Amino acid sequence: MSAPDPQAPPVLEVRGLSIGYGGKCVLDGVDLDVRKGAVTALIGPSGCGKTSFLMSLNRLTELVPRCSVAGRVRLGGRELDAATDTRWLRRRIGMVFQRPTPFPVSVARNLHLPLRDSGCPRSELRARTEAVLRRVGLWDEVAGRIDSPADTLSGGQQQRLCIARALVLEPEILLMDEPCSALDPLSTRRIEELIRSLRGTVTMVIVTHNLGQARRLADDVAVFWSRGGRGALIESGPAKGVFSAPAHPDTAAYLEGLQG
Amino acid sequence: MPVRDERRAESPGELVLTVLACGSAVVVFAVFAWIVGDIVRHGASEISWSFLVDPPSRAGRAGGISSVIVSTLEILLVCLGVAVPIGVGAALFLAEVARGGRFAGRLVRAGLDVLAGVPSIVSGLFGNAFFCVTLGLGFSILSGGLTLACMVLPLLTRSLELGLRSVPDDYRMAAAALDLSSTRFFAQILLPAAAPGLAAGLLLGIGRAMAETAALILTSGSVDRMPGSLLDSGRALSVHVYELAMNVPGGEARAYATALVLVLLLVAINLLSNTMVHRLVSPRVSA
Amino acid sequence: MSRSFPDAILVRVLRLLAFLSGCIVLFVFLHLVLEAWPALETPGLRRFLTDDAWRPAGGPPDARYGFAPMVVGSLAATLGAMLLAAPLGFCSAVFCHQCAPPRLRGAYRRIVELLAGIPSVVYGLWGLVTLAPLVRAIEPPGPSLLTGSLVLGLMILPTVALLADAAFASVPRAQLQAAAAVSLSRWRTLLAVHLPQARPGLWGALLLGTARALGETMAVLMVCGNVIQVPKSVFNPVRTLTADIALELGYATGTHRSALFVLWLFLMGAVVVLVAAAELLGSNRARA
């Protein structure tokens, strides 16, 4: 649970990222640096393009019809462009979605599939599965039923399984789109603990509507806002600074509105 | 978690709807019972073990239907052996590769839909001209099976495609985020999850194939001897029923008996397909 | 998705298979046109529509190619069949989804599936031996437009019901849960949630059922009476296009045979129109 190194170069650099759906611009010109090992929270009202921004980082926007993405992204100093292999990219950047989406197979299989796909030999499957399940704190709960269907787990357990599945390929960056919004408070707390324990070893970018959660977890914050029908990034920086003394009037209004 | 409705008082409009729905179900039940009852009543008396294992004699007025049964099964195997792989491939293409409104997908789908509507005797004509004459297969089980494959393909593809589409998008997104190879995703997640659709399509396909008469008359002929190889002509069960009913005076009783056998076979295949669906789904999940 | 090598092959194979299936129908169509060409040249398309009778077997001066009565026969039988099958089919699909307790639901579906599997010859046989005498008791001769419509309707009823059922089943569960969460009555759920989502599938069921009825051969051959005439009442026997071909193809040669292929061309055209309509309607609704 180490704190991120403030002097290290950003692992992810975004310049001028714009996203449009069917010709309509939904996100305009985002500039953002993501610190290595830090937890970066993306906050802001609904519809400001936070999820679209997240999806554009691992090219999941390519699955959405008529979605166009412009701008520059650098991962670990390397420029990402059309020629970049999505396979390589999605191994470095993992994603967890709002609703837990375990595959309709057993718990173990959920983890075996991406492992086998990345060339992990059969002899190592068990070991790596156990390792990642321990990492997310799920091993004790599911060790006995690792071969039963994943959808017999509770919502919180399923989400942790999804996090495990995203981590099993050992990505540098983990994207999380409101990972706790579909869960009860106890599961939420468990996942927040997990996020805290992963801090330092994995860079995390989390979209959240829960300001308390952002306060508890985030090292850095990026505030999104809607301007003239399109989303934009209005403020970003270390969490402490943004929360205590927001530079932008809209940020202040947002923080105030949700507190009052 | 069952989403059972509460037994609140339904408005009169809703009551009418309920009556309509239940009424039509009753009508369907009743018709089914009537038809099956007739078949059983008229046909059961003729059925015996010798009926099933003896070949027909005196144009079917006597003897049994053994050769006819064998011919039918062989035709079915040829048909499915060709139609299922093509159908699975086409459905995967339509549901996954060419998703949504892309032009290629719509073209293929339109082509398949039209094929679905092609009347059976047209398929028979085509099968006759192409398989029997052009490819030189003559009146044979192979010709019949291939023709039926063309007829069954659209039903199979559409049903499987429906099944594939009903698999939630969540799985696709999660698999994409992990960059799971398509081959692995299709084989280990998508197809098992869509197994019910395949089974349903298979059912409808088999039903359609076995029910086919006109096309088979023109492609596999109506020779009622036991077929020696796939290139021999053979009479299918449905063709036998037709011949006995229309062209053999006094053949109605035997026609009903054959019809009964046909229907029973269909029921058996139905049950078999359903158990196959269950077996297809469970081992995957606990693997 | 990803660009690994086996995936690239997979996509190519899938594309090939898909195009193969799409092209079959083109192939069939081309072949039909080739066979029909001689009759389209002589005596020519117009005579099919305007001649007063159908007597193609005679030599050129005597032969007549008017197929209007048979077109009427086909359309009337199909219309009658759909009047019976569509409401019953949809209502029973609704029954399956709304009113039936879960145990009954499975059994009911099985029964409909079985009905769908009963071959047309068996319906024809039953129609000939059981239904026709009943109709004869009301008014002779028995095998007639009415009998044909009834049998045809019963034949396509299960198909329509099954397709409608599949359309209803394709409604995502999340929406149903949302409706239940707001305590929406099940009928209102049906109208507001199921119907819009299922509409493309329902249209598909309707149009495919109609196409099937139009193309049916055996049942109508056995129970329609096979007299070439425009029916004045539902108790008159008729002959459909399909039945005519089945009856005459065995011995038709030369121009006569080509003429039969022209009949098929018309049927094919009708089917294409129906299916195109289904496609358009389906995609329009899906976009809406």
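Labels for the chains are A, B and C, by order of writing; each one numbers its residues from 1.
The rule is simple: a residue touches a chain if its C-beta (ideal position, glycine included) is under 8 Å from a C-beta of that chain, and two chains touch if they have at least 3 such contacts.
Predicted model, so just to flag it, every value in this text is computed and none were measured.
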Chain at maximum distance from chain A, centres defined as averaged CA atoms: C
Core chain by centroid distance, with centroids computed from Cα atoms only: B
Centre-of-Cα separation between chain C and chain A, whole angstrom: 52
Between chain B and chain A, distance of the C-alpha-averaged centres to the nearest whole Å: 47
Centre distance in Å when chain B and chain C are each reduced to the mean of their C-alpha atoms: 16
Where chain A touches two or more other chains at once, by residue number: 86-87
Of all residues in chain C, the ones touching two or more other chains: 2, 4
Multi-chain contact sites of chain B, meaning residues that touch two or more partners: 168, 175-176, 179-181
Chain B-touching residues of chain A, taken from the complex the two chains share: 58, 60, 63, 65, 86-87, 89-91, 94-95, 97, 99, 101, 103-106, 109, 113-114, 116-117, 147-149, 162, 165-166, 169
Residue numbers on chain B that touch chain C, as the complex places them: 2-3, 5-6, 8, 10, 13-14, 17-18, 20-25, 27-29, 31-32, 35, 38-39, 42, 85-87, 89-90, 92-94, 96-98, 101, 104, 106-123, 125-126, 129-130, 150, 153-154, 157, 159, 162, 165-166, 168, 175-176, 179-183, 185-186, 200, 203-204, 206-207, 210-214, 218, 238, 241-242, 245-246, 252, 255-256, 259, 262-263, 266-267, 270, 274
Contacting residues of chain C [partner chain B, same complex]: 1-2, 4, 6-7, 10-11, 13-28, 31-32, 35, 87-88, 91-92, 94-96, 98-100, 102, 108, 110-126, 128-130, 154, 157, 159, 161-162, 166, 169-170, 172, 176-177, 180, 183, 185-187, 201, 208, 211-212, 214-218, 222, 242, 245-246, 249, 261, 264, 267-268, 271-272, 274-276, 278-279, 283, 287
Of all residues in chain B, those that touch chain A in their complex: 99-100, 168, 170-181, 184, 188-189, 192-193, 284-287
